[in-house]
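Right after this note come the structures.
Look for subunit A in each of the two complexes below; its partner is subunit B in the first and subunit C in the second.
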Partner chain A sequence: MTEVVGRIRPASNVPTRLLLFGGIALLIFCIFPFVAGEFQTNLMAKLLLFGALGVSLDLVWGFTGILSFAHGVFFTLGGYVAAYYLKLNLSASANNYGGTLPDFMVWNGLTELPWFIAPLQFFPVAAIAMLLIPAGFAYVIGWFIFRSKVSGVYITIITLAISSALTTFFISQQAYTGGTNGITDVSKLSLLGIVIPPIGLYFIILFFTAALIAGGWWLTQSNFGLILRSIKENEKRISYLGYDVAGFKIFIWTLSAAIAGIAGGLFVPLNRFISPVYLAVAFGTQVVIWVAVGGRGTLFGPLIAAILLGQVQNSVDRITQDWQLIVGFILLLVVLFLPDGLMSLLPKPLRFTENNQVTGYLPPAPKKR
Partner chain B sequence: MQTVSSTADLDAIDSMETVLAVRDLKVVFSGFQALKGVNLDVGDQEIVTIIGPNGAGKSTLLDAIVGKSPVASGQVIYHGQDITNKNSHEIARMGIGRKFQNPNVYNDLSVFENILLALKGNHTVFSSIRSKMTRLKKEKIELVLDQIGLLDKGYTKVASLSHGQKQWVEIGMVIAQDPTVVLLDEPTAGMTADETHLTGEIIKAIAQSHSVVVIEHDMEFVKQIAQRIVVLHQGEKLAEGSVGEIQSNPRVIEVYLGREQIDSAA
Partner chain C sequence: MSVCALQIGSSLVSSLIDLAQTAPAEPKAAFSMIAFANQLLNGVGIVGILLLTGLGLAITFGVMRIINLAHGEFIMLGAYVSFVLQSAFKMDLLLTIPFAFLFTALVGAVVELTIIRRLYGRPLETLLATWGLSIVMQGIVKLIFTAQLKYVKAPPYIRGNLTVFGSGEQAVEISYYRLFIVVVALLLLALTAFLLYKTSLGREVRAVTQSREMAKCLGVNTSLIDMATFAYGCGLAGIAGSVISSLKSVAPPMGQDYLVDAWMTVVAGGVDKLVGVLAGAALIGESKAAIAFLLDDPAARVIVLAALIILIRYRPEGLFTIQKRA
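What follows is the complex of A and B.
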């Protein structure tokens, strides 16, 4: 026994294999816009953001076991913040009515900018609000849900209700939100007075997604990640070890909403509009599908699934309008035959789902004598 | 002669500092009184064994102490502080550890990870994000693994262990938690005679530095570890004393030991 203890492998937090594959993937994504056309570049940027949204849901669903249909909502809240910023920064000549007031507000009889929207015309305020509004909203919901010990399917039902309620609310507040059409014809994103070209936006989005994957890996590999996984398996047990389970859930829920909010905020300069479509349950369900198809608790899976399904949708779209039928069929296949998602097709050493922080420190499994 | 010496033991226990005290505890489940006013004192570094037939309220008593079952009336006092109906994580942080009746361990995680989760320390969100795997922690975990005889199984997923080994993993978690009071609910269920004996020795070792409350059915095992026995029956304390006193108590024989003797004779 002492012999086994003597052989301690040094801790390496990132396996070489992962660095290698991550590096190759990043390289491909860097070359991609120079090879593909502008349409594909924009599509890929959009799919990277959808992937990031999937990763944010994976943190709460795949790792912690909380199924949410409200991640489209957090995404869209960030999106509206960015849309207000870009709309309010249209040059007067570009605006349909020549004034500073957004067109939809003029149509709905507003004569001046509402005080709660006005601060969003300043970049630092908008940048912070893009993160804080979804996170703050999620924190309040999370505090009530998790402190009152609501669990399982009831949380999921609450998230469905939130999604439906906000959709209705945003449609009804036409003067402030643009109603069903949402906020359209926004200005292009410019930083320090320079208009960002599509390729620049692509690289900003690629940087965000890569940083998210790296940060998500670091977080889920930490002791914190181990605790999330034990909450998923049995949340009662860990409370008897002195962990405040509600506190952990509120934290990851809020963090995940902030990530979704940033993804939504980056989505608007690319998409050039935001509307209540992204608040609705249908979009929230799509996020759930990316995670389910990619593989829950795999971090990389949802990103891969969002890109693959997006490309499938794009190809099928040219032939038939019924792309949802195809996506539905793929989902059915995965649920029936690959319950752990596409990532489970990969050989185990390439899934990177083990908590390496711990296994890296352990002696290799003793050989059978 | 035996009774005299054990009475002396009991006197010694009485003079010890009471770490955990349960006062007139009542627990009600939708009209059913699971506990009807139970009193219990646990001294420093003492082993208290709770026995009683099924449905006597043994597990419920432990549930009420750790904040799992709501207490209807009465008090749980720990180091002079009222901890009745506190949140379970707060009670755990104060120093009460619990092993459940069926091994309540993380099957998807390795033995090492299970012990790591339980390891005493700061268990807040931010400290767990910053927390690093250190050599010191690893050595502490290996010490626990050695104590429960699973040092060579650290890398193994708990799911692939035997029932008895899972029981040890959970005992190991309680050891790693290093609480002041250790509550063990049937730690030897599903174990072979050898495993049971080894578990008894582990518990005795734990009691060198902790107060231990054990629920047990196996009378051989109870004799191996017991200092003081509490007999519960239908939510009430029937008797309390040394092994000899309990075995010769006519009421206990009637409701518990007597029936067991009949069972084993049959």
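What follows is the complex of A and C.
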């Protein structure tokens, strides 16, 4: 793992026009909540998180070539951690039963808090678990599948099975997870004793997403990113050059799961509940669709697609109940006729993907001792 | 990194322990051979369903290497064909099966012509496109028939139970309907094996999969073969849907329930030989039934899926495939 991290070198240059457009976009997003109403602010915060989730999938799929339907799972694992924290910190008056035990546990006959959930009532533990549980789960899976001869399509089928199995598992463990309903009626997020208002939450989420985009850009433009893209192009060749391909894959896979977990953790204070709906394959598919429609390997594409599709869905939902059908058509058309997604419709200078070709020199591979 | 792996490991173990601890807490009869035998026969029914739903995939994936995630929706289409024919013409379920085959095969042929054909040699793109297709098919069916659950009646002569031995409370029995599913599945398996290995058409199909270019040079109409094979695989899914339509209700999302399991069946058994599907179905169906007997249904599903993931990790070519040199 240290060898892999050692590969990350700063990107050589950031184009001025990227700084310009990024700055303008950030400014617009900063002004947005003061212009739009509370409903739109909350919706936009949600879509920013979905966009961040899309970006995390883009890192493994668009840049490294691993298609995963399990990113919704990592997102939801982070979400459950946050939901336990918020549920356990409900003030006694707000809790229907006056006690410290969450209502769904009372309904299912639990008399005391299970020991593996209890530590989550403390903020530092929950904050770390929000990141470590999805990342740890992803690391185990990643170690398991990437250090084997399992090839692309099988990995995708495994991620489908994981999502399906976990959904069943969470629904069946009603006493611990709230079953089909999930964890509802959670408290509002408060930091240092101050309850965070919706607009504060919006800015936390905006900061997270902006930092993710900046960090993602830096990562993918670095030597490390070059190796990832090379793995996508020709895995065998990279491994013949002496690189530990599996190590790189596991690293980016774990990192992206951690990002998805944080996004999920931020989602719960906003959404006020989490349920197995977000574990299911359908939500994992949504994430894949954002990336496919936005453009694989573009970093900005998934974010734009998530916001665009989300806003369209919001307005279309009032007219028709068949949003899913439209989404299916969009996915089908994009795969068949626009394989590089919406970003490829933009003029070239605005795509910021010119450095994504596998050119230049790979740094020397580490010596085997 | 290893520390967090340990953490998640221990939390997983603890939840598994909880799973084991909570399960026996439910009031359950003491271990009885009769109940266990019944559960194993129940497993035979599951094997039949898995075999039936996996067989179409064994053609589209096993023979043609097409990743078809819309397979579940072809099953759903077959079930709706049976529903429509039964409610409009009062047709017997058995008589609707050929129509289900023809209709889904036709849809399959159209899909091959318009979508799959453009994506040969790009498995991940095919996977995405068929996933989009599955959403579209669900959406269209929902538009036409609404999301309401529909019911298909089984013909009277395959209702009731066959008693294997014993009687009354102590009887070991299997329903005729599940037996019917198993018989249809085995017949279809035999028919498909015959078509694939004993006819000139099957020889051409195998030639195209082995070397498209060479087959073309020898005068095989490869694009026609591709279309026919894919259509046949989809038709098999249609038969599966028609046959299982009266087992549960018929609804637009029903295909999703069968998709992951059908894939697991095909992958577990290995796709080089058709008989691998039978082996995969037998393995998954019976272990599911046995674990469900000891714990409960969700636990059985989770454990079997986890075991299959481990299996794919160590033998991606499936359990019952002869090792080949790469």
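In the analysis below, the second predicted complex is superposed on the first by the 343 of 369 C-alpha atoms of A that agree within 3 Å, B and C clash if a C-alpha of one lies under 4 Å from a C-alpha of the other, contacts with A are read in each partner's own complex, and residues count from 1 in each chain.
We adopt the following convention: a contact is a pair of C-beta atoms (placed from the backbone, for glycine too) under 8 Å apart; a residue touches a chain by one contact, two chains touch by 3 or more.
Fair warning: this is a prediction, and the values are worked out from it, not measured in the lab.
A.B. asks: In the superposed model, does subunit B or subunit C contact more residues of subunit A?
C.D. replies: C
A.B. asks: Based on the superposed arrangement, let me know which partner A:158 touches: subunit B (first), subunit C (second), both, or neither?
C.D. replies: After superposing on A, A:158 lies in contact with subunit C but is clear of subunit B.
A.B. asks: Of the partners subunit B and subunit C, which touch A:39 in the superposed model: first, second, both, neither?
C.D. replies: After superposition on chain A, A:39 lies in contact with neither partner.
A.B. asks: After superposition on the shared chain, which partner residues are touched by A:248: those of subunit B (first), subunit C (second), both, or neither?
C.D. replies: It touches subunit B, and subunit C stays clear.
A.B. asks: Could you look at A:207 and tell me whether it touches subunit B, subunit C, both or neither (first, second, both, neither)?
C.D. replies: neither
A.B. asks: In the superposed arrangement, does A:324 touch subunit B (first), subunit C (second), both or neither?
C.D. replies: So A:324 only meets subunit C here.
A.B. asks: Can you list the residues of subunit A that touch subunit B in one structure and subunit C in the other?
C.D. replies: Dual-contact residues (subunit A): 1.
A.B. asks: What part of subunit C is in contact with subunit A in the complex they form?
C.D. replies: Counting only subunit C, the residues touching subunit A are 1, 4-5, 7-9, 11, 14-15, 18-19, 22, 67, 115, 118-119, 123-125, 127-129, 131-136, 138-140, 142-143, 256, 260, 263-264, 267, 296, 298-299, 301-302, 305-306, 308-310, 312-314, 316.
A.B. asks: What residues of subunit B sit close enough to touch subunit A in their complex?
C.D. replies: Against subunit A, the touching part of subunit B is residues 66, 68, 87-89, 92-93, 97-98, 100, 104-110, 112-113, 116-118, 123-125, 128-129, 131, 133, 135, 138, 142, 146, 151-152, 154-156, 173, 177.
A.B. asks: Considering the complex alone, what residue numbers of subunit A touch subunit C?
C.D. replies: Touch residues, subunit A against subunit C: 1, 67, 114, 116, 132-133, 135-137, 139-140, 143-145, 148-154, 156-158, 160-162, 164-165, 168-169, 171-173, 175-176, 254, 281, 285, 288, 292, 322, 324-332, 335-336, 339.
A.B. asks: Can you name the residues of subunit A that touch subunit B in the complex?
C.D. replies: 1, 4-5, 8, 11, 219, 222-224, 226-227, 229-230, 233-234, 236-245, 247-248, 251, 355, 357-366
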